[in-house]
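Below: the structure, in structure tokens.
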Amino acid sequence: MAVDLRYDDEVQKTIAATEAFVADVVLPLEDEFAGDFEKAGGEHLRIELQEKAKAAGVFAPHAPVEYGGLGLNMSDRAPVFEAGGRSVFGPIALNIGAPDEGNVHMLAHIASPAQKEQFLAPLAHGDVRSAFAMTEPEPGAGSDPSALTTAATRVPGGWSITGHKWFITGADGAGFFIIMARTSGSPGESGGATMFLAPAPDDGIEIVRHMGTTDRAGLGGHCEIRFRELFVPDENVLGEVDEGFRYAQVRLGPARMTHVMRWLGVAVRAHEVAVDYVARRRAFGGRLGDLGMIQQMVADNEIDLAASRALLVKACHELDLGRHASNETSIAKTFAAEAYSRVVDRAIQMCGGSGVTDDLPLARLQAELRPFRIYDGASEVHRWAIAKRAVGRAAKKQQSQAAQ
Amino acid sequence: MAVDLRYDDEVQKTIAATEAFVADVVLPLEDEFAGDFEKAGGEHLRIELQEKAKAAGVFAPHAPVEYGGLGLNMSDRAPVFEAGGRSVFGPIALNIGAPDEGNVHMLAHIASPAQKEQFLAPLAHGDVRSAFAMTEPEPGAGSDPSALTTAATRVPGGWSITGHKWFITGADGAGFFIIMARTSGSPGESGGATMFLAPAPDDGIEIVRHMGTTDRAGLGGHCEIRFRELFVPDENVLGEVDEGFRYAQVRLGPARMTHVMRWLGVAVRAHEVAVDYVARRRAFGGRLGDLGMIQQMVADNEIDLAASRALLVKACHELDLGRHASNETSIAKTFAAEAYSRVVDRAIQMCGGSGVTDDLPLARLQAELRPFRIYDGASEVHRWAIAKRAVGRAAKKQQSQAAQ
Amino acid sequence: MAVDLRYDDEVQKTIAATEAFVADVVLPLEDEFAGDFEKAGGEHLRIELQEKAKAAGVFAPHAPVEYGGLGLNMSDRAPVFEAGGRSVFGPIALNIGAPDEGNVHMLAHIASPAQKEQFLAPLAHGDVRSAFAMTEPEPGAGSDPSALTTAATRVPGGWSITGHKWFITGADGAGFFIIMARTSGSPGESGGATMFLAPAPDDGIEIVRHMGTTDRAGLGGHCEIRFRELFVPDENVLGEVDEGFRYAQVRLGPARMTHVMRWLGVAVRAHEVAVDYVARRRAFGGRLGDLGMIQQMVADNEIDLAASRALLVKACHELDLGRHASNETSIAKTFAAEAYSRVVDRAIQMCGGSGVTDDLPLARLQAELRPFRIYDGASEVHRWAIAKRAVGRAAKKQQSQAAQ
Amino acid sequence: MAVDLRYDDEVQKTIAATEAFVADVVLPLEDEFAGDFEKAGGEHLRIELQEKAKAAGVFAPHAPVEYGGLGLNMSDRAPVFEAGGRSVFGPIALNIGAPDEGNVHMLAHIASPAQKEQFLAPLAHGDVRSAFAMTEPEPGAGSDPSALTTAATRVPGGWSITGHKWFITGADGAGFFIIMARTSGSPGESGGATMFLAPAPDDGIEIVRHMGTTDRAGLGGHCEIRFRELFVPDENVLGEVDEGFRYAQVRLGPARMTHVMRWLGVAVRAHEVAVDYVARRRAFGGRLGDLGMIQQMVADNEIDLAASRALLVKACHELDLGRHASNETSIAKTFAAEAYSRVVDRAIQMCGGSGVTDDLPLARLQAELRPFRIYDGASEVHRWAIAKRAVGRAAKKQQSQAAQ
């Protein structure tokens, strides 16, 4: 049999251990502090939870083995990250949260040995947090990367970066930034970006503010930032100059999928809370969970979760084969982000009045999940990209037929 | 022309004045305090805003003229309440918020002259707030009113009420309660409830807690309450003994529609915020609002709002004709509640990242609107009732055909 | 009470008489011939049914009284046309089918006295059928009217028309055509079309073919047509030269709404067939119509039908006030066309296996209704127009604020 | 790498060969005869196409190698059947249509050597067609198998079957029937059915009528049938007496998935026709396929097709592992059946007026696909089963927690 969807015994053990760790250690804290990581303890709690995760053998499943991780490929990360995502505090506890997880992935692929020593090692071990500074406010690089305006100019021994970024996750308190800045061309042109590594704090980096988003499970905020003549020495250029757009793709595909994994865990939890509720509660002379309209919501959630997981498996497999997989990751991300919103919304509806109170975690999980249809490329941008490829393939076929 | 959907000049003036008052006086406060009425000033702010509304001639448009209101019927309330709802603080400012507005309506229809003097007059004038205590936690009266467990037993000179209620809006600080309690029959039977008027505070009324719901624009919370041997003298029985279920219907139909009116205002505002955004912002070489997928969301919002309004007009007209209109109000409520959720969700999506930050009011408006699909009868309960009637009509027709 | 949605007694009698006529005389024929009018008798059947409709006093409710009709305005047409639409043969029987009904409307508003005598009178009386030749195949005027390519050129005493049209409803056998042709400007420019009246058959009019569409209830097909140097004398110019685009709007708004009315009848019938079915059938130990998932479909149909009707009432009222009502008719048309598709699809699903057989009329009604989301402006075109107006209003407001 | 979604080279060759065969040999015939197999040639055409399929090496990919097939497991069947389904005539041409394909599967698993010789061998080779007689009209076994009323009673040397069936695919002209009949218990009880093999034609089998369904691509109709004292000798009992309900499950899971595979091919074709259309056509000054609302439909189709395929892969893998996979097949079937309806509906909308004419195959493909949401278990029945399992799991967990 060629097609095989089973996980190795080792991976299955990791999944089970992660589930147990999250259920026993992490979830109670999440619920006690209503999913607000800063209130629950912030940086101190991060360190404490990560120590416990190391002790439980579930820390950093994605990081290279030589940096203390489990070295899982994308396919195997999927169920492990999902298990970690069952609590919104899980990703930080396991050191698989955004943006650190994606930065580990990126550094492992692109960084020089010295950069790995200086940046990847402490990040993989949880000694520091990091940030990834790409997104810019209008008219800069938002959905349209080619609009990049933050610029790095040549100075003796390195580069000077000036620019304006926002939605920079985890920026406040990050030990270093990966900064994407234009090194050639003009905004509106696609060529010419470079990735830079910049230790923080630094006088050239101003945390303007935390943007008040509906998700509260992270650490260090989603920040608005200004870089003002930030000096980055040549040795801190990550990869090649002017290859930044390509590297962004290297990072974005997998990072998109790990979002899908983690938030799948959140959606699964929301669904389980609701199913547990309707399996207990009685109304109209019977169990709530035996009413047809409730059953429809239960089933639709099961279907949405199964389809999200199946698309995720497919996209991860493509990435593991070394493919770009832009289409597969766009499809999985778009479907999953919308499915999770549907799932948590149905979960609330299944629980009636209790669903919109903080007696249950559902309302805050809805607020946590809502941004995913916008973060990492809004659904509309992914649909545009998916359609462009499909129509492009058809047009190419027409041309080749016309040429015959 | 028989069919006429135009509003009288007088009503049109009231609409315009209400819109202006809300825009100039109320909305800035809402935005300053992110829609949290308690934080914005609570009871003090209520009094202040209501004084201003009186001065502007837009106070209590629904209250009988003899009690200081404008005496509008349901059809005319619709556009005025919508205008009031453009700010989530508007309903309190105009004294048309739940549950006071529905209580005014109910007292005007059912109360004795003495009760009107004691309860309706101060409520209509904004001197006190009130609560309506019907909903109970499981296994009591939630979606299924016949499960009512709070009981009133005969004592000399009146009644003694003991029971457990929750989701009692505005209970904390209310000057009086209208309490629905069983006076005959057992839970599970439909017959035998009575409405009681009870001044508050009172030792027999315990505010157990505020239930933490996602909506924050009200005053006095959605509370869990216990009544413990609360004495109500005979003269405070509202209407007839054992007619409570019928009175509940008298209140529920119109109250359901005023929810639709007020929240229509919220949904309209959310839509306008988003349209304003896409009309300004540029991306992909053009105005955001000229992109097809954005246009689709704009149009779907326009359609949803127009259909909600049209169904509301129909249901209000039926109520004004003195009809029960259970079907029309169920249809309008169910459609509107779901439409508003869609509208605000699309509004967020149209604004991209900004949509999920507090740079815009959309995320909090989404939290404000979500409960409406559950409050006042969950969509599933209304659908069940709508379908039961439709299938019942068909079955009856079959029987009458079989009998021929 | 200003708002009034009640129909005059006279109109109510017409509604009832129309319902009875359709149920007793028309529907049995539709079901016998599976909704295929040509097979059921074609032109002969049309004449026979129209005679019966005249005898029943329900013929041509929309036509001016002086031409034998009942002279109903748009608001009153709505329930009457809906009643007529309960059978897909009803519109022809009542002489209110497309395109004749819209042509009567247009001629009554624009034609000269002599043209009324020659064209309107026989059409209103059912002596002839007519066609309206506007839509063109790519690259001509489809969704985008300004692309009009059919051209009328000046010749002595009149005009010579040459062009290519398709989807010309009822063209085969029509007694005359109203033809929209360009009289100035070039394709891509909006200005310069004229309406022409052309008796048929004529050597200058070729019926190329019937386009095989999924709807089969009409007479004379949806035809592809070629005009070749068709001579139209000056006296057959309908209205003013170069005013054709404006006249098209005069016709399109109301014609769009009468489509909504007629097809509402079809959707209502589909729903009733299904409700009747689930009220009879038993499965899983009870009546099918008591199962929650079936109830959900029943209720969703009731909601969709009520909302379609409410939006229709609104749009008709605007038209009766003499307004352009482009937005209201676009909204009503778009919502209704999509709602009807949902309604008939749910109706099929409610009936299980029988729903997809010709034991019930549902599958053919689905085929009949499907094109409505495309005819008379595809949903996408209407959404584009609705959004353009909304975004335009916002942009204008921004400009006026900026100017202050 | 544990997870592997790649197909063996051999399977990939079969996919490619099947695609080519369908495109070159089968599809032109389908289009010529508008998807009506009987009109295209019926039984004669079947034999002719199957000979060609044998010559092309793509015949009976699912049948055991010893019976002339390719012996593919479920996972490998998926892409091959999808390729075969690209034409609605494909399944018959490849001998993988319903019900023959499922009967081959069932006989290969359950039949005795003698039965394999007599029934499986000619069926696998395409010498005969077959039918599977399970579904009954109300009040018999439809969605609820336990309602089975067709009864087999003991007679000397065998059994006598009497009963009423409908929706028996391919019954007219079938060489033999597999009949499910009750051998113990009463309707409403689940136990006691047996599978029988009955050569046809036979005086005990009456083909009452072809049920006129919207799909026309099959051979032998969907028939209503009566069995009247049909004698079946003991040696034609398939498997064990009273094990029929279990065997039905053996057949149903895989048969459900092969429906998903074949109709995936249909949906893919519909999508490709539409994408080809929008890649060619121009409107509003550009290519139709570059308009945002069109792109949204293109992308939604791509997503729906990818999710259907991914769920199919998962369910097939479970079946190949020897699991029951009721949940996975229900989920895949329910999602796919609904997705295909969405896909073909969007495809029509993308093509505008042409979409509802027979200039394109889309309208007839829509009619072909509509029944899938009902055949093989209506979506509602699958949702009920999915929900029952999910709520049951939760209830069980609650009990085990309560017991601790």
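Labels for the chains are A, B, C and D, by order of writing; each one numbers its residues from 1.
The definition used in the following text is that a contact is a pair of C-beta atoms (placed from the backbone, for glycine too) under 8 Å apart; a residue touches a chain by one contact, two chains touch by 3 or more.
This one's a predicted model, so the numbers in the text were calculated from it and none came from an experiment.
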Between A-B and A-D, the pair with more C-beta contacts: A-D
Interface numbering overlap (same over half, different under half) for chain B and chain C: same
Distance from chain D to chain B - Cα centre to Cα centre, in angstrom: 51
Distance between chain centroids, defined by C-alpha means - chain A, chain B (Å): 39
Junction residues of chain C - those touching two or more other chains: 291-296, 380, 383-384
Chain contact graph, described as a line, ring, star, complete graph or other shape: complete
For the chain B and chain C complex, residues of the former touching the latter: 1-8, 11, 73, 75-76, 272, 275-276, 278-280, 287, 289-290, 292, 294-296, 298-300, 302-303, 306-307, 310-311, 313-314, 316-317, 320-321, 327-328, 331, 334-335, 380, 382-384, 386-388, 390-391, 393-395, 397-398
Interfacial residue positions of chain C with respect to chain D in the complex: 135, 138-139, 142-144, 147, 166-167, 211-215, 222, 281-284, 291, 293-294, 341, 345, 348-349, 352-353, 355-359, 363, 366-367, 370-371, 373-375, 378-380, 383-384
Complex interface listing, chain D residues touching chain B: 291-296
